[in-house]
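Chain nomenclature is as follows: A, B and C, assigned in order of appearance, with residue numbering initiated at 1 for each chain independently.
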Amino acid sequence: MKTNKILNISNDLRWQIGEGFHDKLTEGIYSDAATIAQNSVQKKGDAKRFRFDRSLDKIVTSKVWGFPIMILILSVVLWLTIIGANYPSGLLSDLLIGNIYPWLKTIGESIGFPWWLSGFLFDGVYLALAWVIAVMLPPMAIFFPLFTLLEDFGYLPRVAFNLDHLFKKSGAHGKQALTMSMGFGCNAAGVIATRIIDSPRERLIAIITNNFSLCNGRWPTQILIASIFIGALVPENFAGAISTFAVISIALLGIFFTFMVSLFLSKTMLKGEVSSFTLELPPYRPPRFWKTIYTSLIDRTLIVLWRACVFAAPAGAVIWLISNVFIGDSNIANWMIIHLDGFGILLGLNGVILLAYIVAIPANEIVIPTILMLTVMSASITGVGSGNGVMFELDSINATGEILKAGGWTLLTAINLMLFSLLHNPCSTTIYTIYKETKSVKWTTVASILPIILGFIVCFIVAQVWRILM
Amino acid sequence: MTNPVTSLIVFGIVVVLLFLLFYPKSGFYWRIKTSFKNDTKILIEDILKKLYHAEDNGNTLNSNDIINSLNSSPKKILETIAEMENKELISFENGDIKLNDLGMDYALRVIRVHRLWEKYLSEKTGFDKKDWHEIAEKMEHKLDSLQAKELAINLGNPRFDPHGDPIPTETGEVEPINGKPLPTFSEGTIGRIIHIEDEPEIIYKQILAEDLHIGSHIHIIENNEKRIIFHSEGEEFILAPIVANNITIFELQKEEISEENTFRLSKLKKNEHAKIIGISGECRGEIRRRLLDLGFVINTKIEVDLTSPMNNPRAYLVRDTSIAIRNEQAKFILIEKK
Amino acid sequence: MQKVTNSACEGCELNQASNLKKLGVNIEDNNYVVALAGNPNTGKSTVFNALTGLKQHTGNWPGKTVTRAEGGYRYNEKKYKLVDLPGTYSLLSTSQDEEVARNFILFGKPDVTIIVVDASRLERNLNLVLQILEITDKAVLCLNLMDEAKRLEIEIDDRTLARDLGIPVVPTSARSKEGIPELLKIVHQVATGEIKCKPHRIKNVPKNINNAIEKLRLEIEKEYPNVPNSRWIALRLLDGDERIIEAVKTGEFITE
């Protein structure tokens, strides 16, 4: 074989040259580059970087101001996202669920759809889609452009620079600070963003731990449950403050778990993977506002939304089916709830919650509507909801609280739900994305199973301790 | 509902059991797993290695020496030695064990795999230096010579392992090391570290803790029975002779000495200007390539640009661009201050 | 005579098309394929947008475009397909994005490669430029961010640079679309063969290494006379690049 001959010669030559081939080659290229550049480049000033960049960098990486500025900016971005999304979310849900949904049902009736077909299509598939779009689109449409503006301006590399030391202590990479923040918007997007991490070990760590960033789909759940159960513990004046505090604590707990799990992985499963940190701090460049907003909508928001929809539609169908297919006297959902209840109670949750998390794997957004529907169904509450398999949400927080309490919820259930919402398997969009990024079944499995095991353990311990103390 | 106290206790027991089973190395699961291995082969290879190293240092070993230096039971060792004599790997001479040609070949093959694997660990993985030896000790019994050849080609047929030991070639040739132990040199000598012995582990770990690198130039300041003081890369080191004995030095002639003003990049202060004079040989594989790609190349001017709030990493101005690297990497980049 | 050249050319077109398809680029209906390479933070994606008008996101952050972005434009009645490669500092390491960029230039054989560099940091950027010029000889240097260079009081003699590098050099400020019409024109001229490039080859390598490279290069040329970048392949073999060793085994790079 002639190719073998070439390879054999090359192997011999490599042995003759010994080490340092790469070094010598790179040195050669750079010295060529220097000669060429000398011939054609003339520097009049001696400025190596813009004065503006230098002064700005001195501030954003300073010992005093570095961290406060970072925390301030991240809080503002999250605040704008959560608050700003409320109004368009409401509008969308009015439109998609308040108006189009009844209209579709009427049309179905007038064409003469059998009940099961219109139930399957409209109550199942359509409602799930509508919910995902209404809850997911507005926050992402706010969060991603803001994030992208910071990215284009050049601020984000400085964040990685500031935080690297903290992340390094848990065996992770400074740039994980960014993918983690991105995860507060959407874990799937956070996982994609780990491409910026050029060190294989740290990238895997960032992918596996991204789920511990509380994503947009989970913030509303946290806020709702916190205001029903935790806000009610204190006088009304403090209710807002204390429930906000509870939600922030959960998010911080998520960051704590990110560090702990990173440390665990780097000491065990990922021991021996190559690790390095190099980062260019590029010059600041003013972002082009409208263009950024437009492109980040197209690039990030719509792609992620599309993936979520693809997964949500079948979930809607499943939710409707398990509530409407009967085996004997009981539908599948009730049957599963009864069987899951024992384990659920052991964890300080209940069967409804576990079932909701099983069927709502595709999107965290539909967890609360599913829980409400299942609670009403299994506890046979009358007067609310619109039937088996039809997800719903109520405008009034108090009324929602009443339903949950009727379903047997206590303060412990609420706290554990908040914990479990943080610590459970990633949504199927994220799992799919992890697989696409790692191309490895092993790591996808680890990333999916690890958080839920943690969730079980944490909820279990909290429940037992609570029961002993209370 | 189950009693919370009972369930917590059950949970605790399960956790403890899992720990006992799977705790790295000493867990029952791993112990059982290793005890099933074919250990005669491993023992033969370990004995051959002992004999080779002894002969290399001009010493001889008898059966008792081998029993004392290995962990297996004396009975097992004696059986194995007998078996080795049968296979004509070794022969006895006045009670001392000698390697036959066959045994010598075998020993070199094992050593070749060991050193290749250490090279592999240093180039392609992120395992810590202090773990290399132990992992290679296991791998040396697993690879056959065909696999070793493939590995060698993959690594570009290296001549030396990361400790500076020569890797025997396929045909069993070994390059000599042209150096002598550090304590044999007199005060004032200037030399280069060409080898750091990784056994025994206690001394190796001490050397690692001192952060000495192969390829570094050293200047001996003081040398007596109590201690040896020398300068390297802008820092002063004090070692006990027994530790220093495991470092091999190649003496340099006056004209070869370029760097008296050498420092590590991590020691560069703000507003100081410097020139890169090289990347330490301790920095290998992907990390080394990345640094080179980013322009950390010989004769490049460099200065500190920014320091992060926790002092690590720092950003350096290299070829008109601000590049941040960790201090752990910066210490491998050697500079000359202006 | 006419017929012979025609069929030979058809053969090569076909070959190239099949290779490109494997890399996931569809070139049907396009007359030319143009690759866009460059360091991170050189405004490469801005150049891409300025050329195609497509609203692809421009990232001020290394490693943004790991998957290739594609777009197209028309110039002088010809259709061009533009492929935006990930921004890399080099093609010598083995990171994921470098491999994407390297494989496309080597195996995809674009008709023209536009190399975008930051004019204010030319010397550093030339590292990548010189590597690309070892692989392909149909390249255009896009000297971008001229506005920033001006603000830093850096002047560049683009003619000398073009002479030294042996490829056309076009100064641009892609943000304000300055120099883009000239870039389109030059790319067209290189694609059609109106301009012939004589790219610079890396010179400053130690003698023993250069000898090894030459020895291996001759060997490769002996076996595969039509390989245009034999020297680069020799370089990579000596550096132990597994992907290239694989390619030599399968004969993948021989598509002339």
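Criterion: contacts are C-beta pairs under 8 Å (C-beta built on N, C-alpha and C of every residue); 3 or more make two chains touch, one makes a residue touch a chain.
Worth saying up front: this structure is predicted, and the values here are computed from it rather than measured.
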Requested in this report: Indicate which of the five shapes (line, ring, star, complete, other) describes how the chains touch one another.
Outcome: complete
Requested in this report: Average the C-alpha coordinates of each chain, average all protein C-alpha coordinates together, and give the chain whose average is closest to the overall one.
Outcome: A
Requested in this report: For the pairs A-C and B-C, output the one whose chains share more C-beta pairs in contact.
Outcome: A-C
Query raised in the report: Approximately how many whole Å separate the CA-defined centres of subunit A and subunit B?
Result: 42
Requested in this report: Find the geometric centre of each of subunit A and subunit C from their Cα atoms only, then give the gap between the two centres in Å, rounded to an integer.
Outcome: 37
Query raised in the report: Taking each chain's centre as the mean of its CA atoms, how far is subunit B from subunit C in angstrom?
Result: 41
Requested in this report: Send over the residues of subunit B in touch with two or more other chains.
Outcome: 156, 286, 289-290, 293-295, 320-321
Query raised in the report: Considering subunit C alone, which of its residues make contact with at least two other chains?
Result: 90, 92, 95, 123-124, 127, 240
Query - Residue list for subunit A, restricted to those that touch at least two other chains - result: 14, 21-22, 26-27, 30-31, 198, 279-280
Query raised in the report: Contact residues on subunit B for subunit C in the complex?
Result: 154-156, 286, 289-290, 293-295, 318-321
Query raised in the report: For subunit C, which residues count as touching subunit B in their complex?
Result: 89-90, 92-95, 120-121, 123-124, 127, 240, 242
Query raised in the report: So in the complex, which bits of subunit C are touching subunit A?
Result: 40-41, 55-64, 66, 90, 92, 95-97, 122-124, 126-127, 129-131, 148, 151-158, 160-161, 164-165, 200, 202-206, 208-209, 212, 215-216, 219-220, 223, 234-235, 237-240, 245, 248-249, 251
Query raised in the report: Where on subunit A is subunit C touching in the complex?
Result: 2-3, 5-7, 9-10, 13-14, 16-17, 21-22, 24-37, 39-45, 47, 50, 148, 151-154, 156-157, 195-196, 198, 279-280, 282-283, 285, 287, 291-292, 294-296, 298-299
Query raised in the report: Where on subunit A is subunit B touching in the complex?
Result: 11, 14-15, 18-19, 21-23, 26-27, 30-31, 48-49, 57-58, 61-63, 66-67, 161-162, 164-166, 168, 174, 198, 201, 268, 271-281, 345-346, 460-461, 463-465, 467-468
